[in-house]
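In what follows, chain A forms one complex with chain B and a second complex with chain C.
Moving on to the complex of A and B:
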């Protein structure tokens, strides 16, 4: 298939998104059932961006010159937007903090273990267990260990991310073709020189896909932690809305998360493209998947 | 004038592998041979005859089961920059530009930036790749990648050069162009001294065009040691000269492609 120009691809992406939005709107019109009076199961866009958005001002606890609903103010877009901004910032701090710490720890651990074949053999079995252990099973344990505060949530997210990054790093090192290491050795490179000039650049394509995978995990871990015990953040709004069957709020917050995830992906893609300028197109296409 | 210390001495060298089914396979069986400094030696034989195993042991990438290898007066225990290898598969690092690949070995050994760049550019010019010095390897053809690999080992100053079926995957024209490049570099070593070249191939004609000496292997044993005296450089045209025709006949016999009883055409 002929590759499309970037502007062409972007146009197609936009059209697909608009179509999905239109289908949603259509569904809301042909299925007008309500979970409770005034709460449609599928909220159309005219509801989402007016009543739903306004209702988020209920979560605003005052400050910054905008009075909260509890203080007697009526619902307003300023309080609603502040709610979204503040809770997004809290969630993003958890995601980014967990992602950064988890990636760092996972990568350092993976590289250290890969130094010798014995290291790889020793961690192989426990690593398989950790990978298959459902992340959410660990939430209560982490809450008791580290508390339901920011530190605890970041520790939990970092754990989830580091397991994936660790396994991905060990895998990426093992997947470097032996011929490159033989070549470096026969040209006179020492073990530490091979690590710097062959292993580190050689794992970059693998690390890129691993970190994209970990990005998804970080979001899941943070939302999981917020569902179970947090008093703020986007996940908290969703769980709170669920208790009162506010389906439209849940949908709006999910949309906000979707936007953040898309922005993360795009930024990461841009940032790493230059680092991987050397990689053949085929392997880069694999990565994008 | 041959300096025995510069020679490669191989004594009673064997290598055995244990297969997955528990059987022991002897890839190389009690080989003793001396390769003189400056010689261009081709190792020929069908696949599985032990020639690549021998090369890997000479390179220090594979340990022998028994016996000794001595190169430049020292036992071979590990890879070293004095013994350069051009591999069968592509070994050029895809994450380094061409020029950085050629400089790599020098950089590892702490050669200054200016000097290694000069050497790298010199050898890139010798293999005809000046114009792609700043390109990524993915932008190069298979033949060009082999040239980069050759320039890399020459720039690295290897005294002994080992090539493992380097041109097997290339087309006829590219292969002959690279023969010329290789011979040109071999004839014109640094300080007027020829390097030792050990060239593994299963292509009989390639061996006849390149070698001073052809060692024929079969089932892990050296079965023939042929000297080729025709002056170099030789071309594909020279393959019809009597010496090469005779050698060719012998080589093909060893490979089981001519039955010993069959009469040679025209004789």
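Moving on to the complex of A and C:
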């Protein structure tokens, strides 16, 4: 069978996503059941971008010259958009903060442990155990330790990310072909020189897939933390709306998160693919795995 | 994502054997972890970080029956019973997810058009944390078993779909071409080449899915369920009982580790025949 051209494939992908949106609209028409009066189980697009968007202004706390609904203002698009922007910013801060801190700590730890094969052997089993500990089930524990504030959520996200990055770094260092290190050593390189000029660049292709994985984990961790106890953020709006069965609001906010996650993923993917153009084909294949 | 830290050049099969064999240094590592925990527990108040021994004691004493927990109105108060409920859900989701994902992944690796249709959906679902579905499932399907199982099933489908697709792509075309030259029908190619050759990678994908499934199942129970280990964690979190939470987490982590170990062993046994060096032209 003839392979499809990339542009063709992209076009089909777009059509499929549009079809899904159309199916959603169709479902909303043939299944008009309501979770409660005035709140459809499946909200059509015309509802989502008008009434639902407006209803998000209920979550606006006031400020910036836009009065909140609680202060007696009627629902307005300004408050609704501000709600979305502010809560997105909070959620993104949690994701990025956790990602940055976690990646940094995980990489430093992983590189430190990889300094000698002893360190690697000692750390192997505890690392496996920490990795199998289900991260999302640990939300209550972190809330107990750090509270339900911004710091607590960033700490939780950073923990989840650092465990993955740590394991990924140790793995990437171990996967550097021994011949690279042997060559450098026979040319008289010291251990720290090997670290700088062989190991650090050598782990980059391996780190790419690790960080892509950590990106997904960071989103899950932030969502988990926001579902269970945070007082702001997109995930909080979803769970708060869930308690009143406002399915349309949940859907709108979920769409926003979906867009953010997809943009993050694509940006990182594009940026690193260019940066790693030098990596030999075989190791790029290893990355894909 | 390889779970061993052994160098790649050792080849697949030997790598697994080495990883399965226990390294005495590994025990030293566990000992160090416990020591750090114990030291930290001495410095921090027990309400924040309970000592490891206390957590293990708590786990043992509440394993079969937990009268404390029954005050919270749990139908199934013991840790064992809750863990069984959670494990059943994970197992069910794994089976249902694999049943959908494996055929789908194999078909899309060979049929460009179907792939062009399904890939965007899977990519969209794959980049988004599956957790976003949880509140929706809870409303649509209630707080029973169904919503938790469905959530985990979606996750398993995404992971295994990618694994199966990649496995079928990674087979050197030479195998299928050769079989076809010798007169094998498409069905025979499927039965004798495509399916056996993709088994190792698919099993690897299933193992990754299993590892992630526990956390999703637990968080789904945390968000709303009547029983399960996540429910236990939820009620204990309400009572700020750090020791109890850690005991439940420890049990969950141990079960997940043991299951992962069993999966690794089973995969190693089942795919012994796999050649460790890639075939040229792959």
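By our rule, the second predicted complex is superposed on the first by the 261 of 289 C-alpha atoms of A that agree within 3 Å, B and C clash if a C-alpha of one lies under 4 Å from a C-alpha of the other, contacts with A are read in each partner's own complex, and residues count from 1 in each chain.
The rule is simple: a contact is a pair of C-beta atoms (placed from the backbone, for glycine too) under 8 Å apart; a residue touches a chain by one contact, two chains touch by 3 or more.
Owing to the predicted nature of the structure, the values given are computational and were not obtained by experimental measurement.
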Which superposed partner A:196 touches (first chain B, second chain C, both, neither): neither
Touching partner for A:123 - first (chain B), second (chain C), both, neither: second
Partner chain(s) touched by A:273 [first = chain B, second = chain C, both, neither]: neither
Partner chain(s) touched by A:262 [first = chain B, second = chain C, both, neither]: second
More chain A residues in contact - chain B or chain C: C
Overlap of the chain B and chain C footprints on chain A, listed as residue numbers: 177
Chain A - residues contacting chain B, complex: 177, 179-180, 182-190, 193, 197-198, 201-202, 204, 277-281
Chain A - residues contacting chain C, complex: 1-4, 8-9, 12-14, 16-17, 20, 35, 41, 118, 120-129, 131-141, 143-145, 170-171, 174-175, 177-178, 209, 213, 216, 219-220, 223-224, 227-228, 238-239, 241-242, 245, 247, 250-251, 254, 257-258, 261-262, 265, 286, 288-289
List of chain C residues in touch with chain A within their complex: 1-3, 5-9, 23, 25-30, 32-33, 48-49, 110-113, 116-117, 119-121, 124, 127-132, 134-136, 138-140, 166, 211, 214-216, 218-219, 222-223, 229-230, 233-234, 236-237, 240, 242, 245-246, 249, 252-253, 256-257, 260
Interface residues, chain B side, partner chain A - complex: 59-61, 78-81, 83-85, 87, 89-91, 93-96, 104-105, 108-109, 136-138, 152-153, 156
